[in-house]
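In what follows, structures are represented as structure tokens.
Next come two complexes built around chain A: one with chain B, the other with chain C.
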Partner chain A sequence: MIRDKRSEYLAALILVGPFVVIYGLLFVWPTIQMVMLSFTDAPLIGPGDWVGIENYVEILTHRLFHNATWNTAYFVLLTVVPNTLVSLAIAMAVNRLKGWQQGFVMACFFLPYILPVSVVYLTWNWIIDVQYGLVQYIVRPFNGGEPMSLTRTIPFFMPTVAVVTIWWTLGFNVLLFIAGLRNISPEIYEAASLDSAGRWRQFRKITWPLIWPVTALVLTIQLIAQLKIFDQVYLFSIGGRQDPTIVLVQYIYKLAFQQNKGGEGAAAATLLFAMIIILSVLQYQALRARGEK
Partner chain B sequence: MSSEAITRPAENAARLKGDRLIDFGGLALTIVTLGFALMAIFPVYWAVVTSFKSETEVIASGIALWPSRINTEAYEHIWTNTNIGIWYINSFVTSALITAGVIVSSAGCAYALSQLDFPGRRLIYVLILACFMVPMQALIINHFVLMAQFKLLNSWAGIILPQLIVPVTIIVYKQFFDNVPREFREAAQMDGAGHFKTLFRIYLPMNWGITSALAIITFIGAWNSFLWPFLAATGEATMTVPVGITQVKDAYGIVYARQMASAVMAGLPVAVLYLIFQRRVTQAIMLSAGVKG
Partner chain C sequence: MADIVLKDVSKSYGAVEVLERVNMHIRSGEFIVFLGPSGCGKSTLLRMIAGLEAVNAGEIHIGERRVDNLPPSQRGVAMVFQNYALYPHMSVRQNMSFGLENIGTEKGEIARRVDDAARMLEIGALLDRRPAQLSGGQRQRVAIGRAIVREPQAFLLDEPLSNLDAGLRVRTRVELAQLHQRIGTTMIFVTHDQTEAMTLASRIVVMNNRKVEQIGTPMEVYSRPASRFVAAFVGSPSMNFIPVTGIETGADGLRINVAGAQLATTIRQQPKDKGELTLGVRPESLRVAQDGAGDITGQIALVERLGDRTLVHVTLADGSNVVAEDEGKSTLAAGGPVSLKVDGTATHLFDAAGLAYHAD
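Right, the complex of A and B next:
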């Protein structure tokens, strides 16, 4: 019996070992290092002196940090709720289709989601191109017959990137909503149509309340994902002015990798880290309170 | 005698749906849905079509939905004048190794957490759940510092290592292993099979479907990842495809056929994987999001 226990421990050690090593080396250690680095004036690579909370004071009073925070919040506002609502509408439309129609429609909406971000960027960068892009056929009449660069005109930058992001990621949300819709018993709708409830009433009284747990899940997944936004925003700003449209991860990148301020970058990273952990814990608590997880 | 059958809700609902007006509305809705689906997939179609045009046809006015002549010049150009061949090798090698590493370490860890009893079991599980919330984007600075210390920047290992942390794979595996009836393991151990034999001969083959699903989305995720490879590989010889195609395009000027050809090349492997394994991909994504599919 004791031999059995010992062999069980040994097996567990070997099986859990690789993950624990990876986890410790590439997650726990860098996290500790990040916090330590944030209290020094170190460059990206190399030693630095302890400066206490100076970096945090510096960042929190830095105009660019305020910019980055507001732009990130603006991006969240432009994407999270619209994406969720559009996805729900599409999911309901797809869910009532059958056979090849459903498969085809689903593939059309989902395919963009599995493409790399740089493919999405190149494709849309071509579509919105100021000289030859297709979107200019729509833009010109609204702009006095003149073409306009949607990513170089600052007020249009975030909305444009938001639309592209929604197009790119909605397949994921549609998938979750369809799974949720299939869990609603058809008998409930049958009973409702017996009461001759209209489509809108059916949606408000049955679909919306019953799909709400999925809606909440989609909203929180989106919220946390969009706070970490970098790729699209960075790519669409290549070659243009980056500061007016900078987002938080881009701010970290700029401080650490472009200005070689490792300490300040780490302080900004620690702030983002803390923000997302707090939100995630709140989300987890909310889900657990509903008995979902 | 037939009144009993008629009052059954399902048949009443069917009769109501037989109404011509509702049928017409349904048909209109189907057409609208199909129209939106075509709009959603159009940018992808447009990128592919553009890649087969000549550069002069690309900037010709009007919207040509089909190239006047199938032209593979853009593809020939990017394959002979950029490092895309090397990027392809880099992408395939790193994505395949990330997939293998994640699957093996996750399956082992999940088996131990699910089936074995050892000290620290709960602690590790809680740590994995905590890992879920961590924004990897916040750790870029310290991952970079760590990889620089190991002298792994601009190497496959440097691109791979920080991407090995995928806690969700462990959670999904654990759920599936928890559901394997205990009798299987007891029977195996009666026959004198050790834990490793039990894992590789019983638990993994029994969950082959989920293993392939997780492997496919891990591969797609690794292929698509942008931020980390973008930071870790700065030399053209070590870039992955999604990073490479955004970094050298500036040298092109306005050559959208070539840009679209490189975008098509970057998206092709994951698009093909998705189209072949649609069901597996969607299943794995739903499981990862915590939704039963």
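Right, the complex of A and C next:
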């Protein structure tokens, strides 16, 4: 069918226009503003004077920034790979179920994902509570029979929040993995079973390489999400000392909204933005290259 | 090399029975074809021999061993799947060596067998490619190669030609027959294509509706079909069926009344059930009488010219439609009358239950 070129362009404009306007107004423009702001000494509200790279120098020599960077990196380490592996294991188990059982179990694992972070926080705060938390039954024998606050004992804070985060978010990864597993033809497993490949060899030689593109995607999504970690860490640290467990977004929040340093906050945000882009692109390329080898 | 014996093999999914007490004895080195329409259970039967489907009742023996409780890998069979089921992330060489690596075959031996098979199948130049970089026919060869390197006691092939285009299918069919002659291993081949069955098989197992209808050589199945189903399913164009209005006993055999004519046949056996009888006659035994002095007359409905012969669709006096043959240079045209000569020595009689009686 031959269409009029001008009406084609018009249709394209009508379809794409709203997105471009919203994207530009709510993402591109604020991002440019943020970068501009990071070179000024502006407070949270109102303009400031141009100070060059002073904010960056200030932040990069700031002990709390280093703290936040390490804490974020530690959190990424505790969540990204474990979450991906646990999700894959659950997906493979769920994938073996049939019919309504599969749907039911899948729903059970997905349910936490739809909860708001406040509900997740309150639920787990009860579970780990020092006085009546269920988890204390496990903690006590390892702590000389005494209960222990997992969120007030600094070395346990990040691992605890990491476990909660994995529980909360793995439903979506399980979904991605199940979609990936369903893409592998059952005939390939039949051929492998005729080829004398046992379960472990089938996993290592068939499932793992064939699911790799999904694994790479899940790892990258996880990396981006966990670099931006804020809510859980912030909520679980309320009422305690926040600085030892501070993460990067929390650091930005502290600079901009608690210390009224808009310029420095913007500089920290710009640094995080660059970090996320560089790390995720690097990781995705590395993972893709691995898959193609 | 080993015989494959099936004893009362049955299969059901819940209340749905898909195979009912199947018995057969496949001799070592035979090329057996399971032939039947979709859903007759032929692929299921093959998968049960392979160990990919559980057997509900009965026994399967390969060689001296009873195998129906063994996992697929221990049955000594190799399978070629309809969609080839090649490992997409492995090269052709890896695809072919995978099975041998899994059983700990020595590296040099693996390389030797893969190279031998590749040479035999002319895929030596493709060994480093991935399946996605191959054409359908090449994938087919790799799938066969993957089966060959394992040096199995039997090859199981599940409609392996159905994904190839027409020309390639005929060529691959010939190559498969040659391959069987060369390596001499038992092959079980599943198809719904009767030409593949007729050309490849040493014996055909015709299956229909959960049961084996007939086991026999291609010519037995063609000329002495055990049932009306087999008669209709094997042969192209299909056998003609004409309702019988009466039978008398003649000197050489039964004289059968159909469509207002009496036909002399050499069918000697009296049907047990004389209720509803049908006469079966293949198009090549129902020829146009050039002099007009045939056994039966009708009206030409359609003429199909195939070059070497002509198929004439005829409506008989009782309204039944038959296909008759005429020579390639036939001058017949639709609408005119025609007289047909029946070869009474190549007729079949079917009773209401579908049982067959043949002319001797």
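Basically, the second predicted complex is superposed on the first by the 257 of 293 C-alpha atoms of A that agree within 3 Å, B and C clash if a C-alpha of one lies under 4 Å from a C-alpha of the other, contacts with A are read in each partner's own complex, and residues count from 1 in each chain.
Everything below uses one rule, namely that a residue touches a chain if its C-beta (ideal position, glycine included) is under 8 Å from a C-beta of that chain, and two chains touch if they have at least 3 such contacts.
Computed from a prediction, not measured in an experiment: that's the story for all the values here.
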Touched partner set for A:206, first chain B, second chain C, both or neither: second
Chain B versus chain C as contact partner of A:152, first or second or both or neither: neither
First, second, both or neither for A:13, with chain B first and chain C second: first
Chain touching more of chain A, residue-wise (chain B, chain C): B
Partner chain in contact with A:62 - chain B first, chain C second, else both or neither: neither
Touched partner set for A:187, first chain B, second chain C, both or neither: both
Shared chain A contacts, counted only where both chain B and chain C touch the same residue: 187, 190-191, 193-194, 196
Chain C-touching residues of chain A, taken from the complex the two chains share: 185, 187-188, 190-198, 201, 205-206, 209-210
Sites on chain B touched by chain A in the complex: 9-10, 12-13, 16-17, 26, 29-30, 32-34, 36-38, 40-41, 43-44, 46-47, 50, 58-59, 63, 104-106, 108-109, 111-113, 116-119, 121, 124, 127-128, 131-135, 137-146, 148, 161-162, 164-165, 170, 194-196, 199, 220, 223-224, 226-227, 231, 241-243, 245-246, 249-250, 254, 256, 259-260, 262-264, 266-267, 270-271, 273-275, 278, 281-282, 285-286, 289-293
Residues of chain A that touch chain B when the two form their complex: 7-9, 11-16, 18-20, 22-23, 25-27, 29-31, 33-34, 37, 44-45, 90, 93-94, 96-97, 101, 103-105, 107-112, 114-119, 121-127, 129, 131-132, 134, 137, 167, 172, 175-176, 179-180, 187, 189-191, 193-194, 196, 214, 217, 221, 224, 227-228, 230-231, 235, 238-239, 249, 252-253, 256-257, 262, 265-266, 269-270, 272-273, 276-277, 280-281, 284, 292-293
Chain A partner contacts - residues on chain C that touch it in the complex: 50-52, 71-73, 77-79, 81, 83, 85-89, 98-99, 102-103, 146, 150
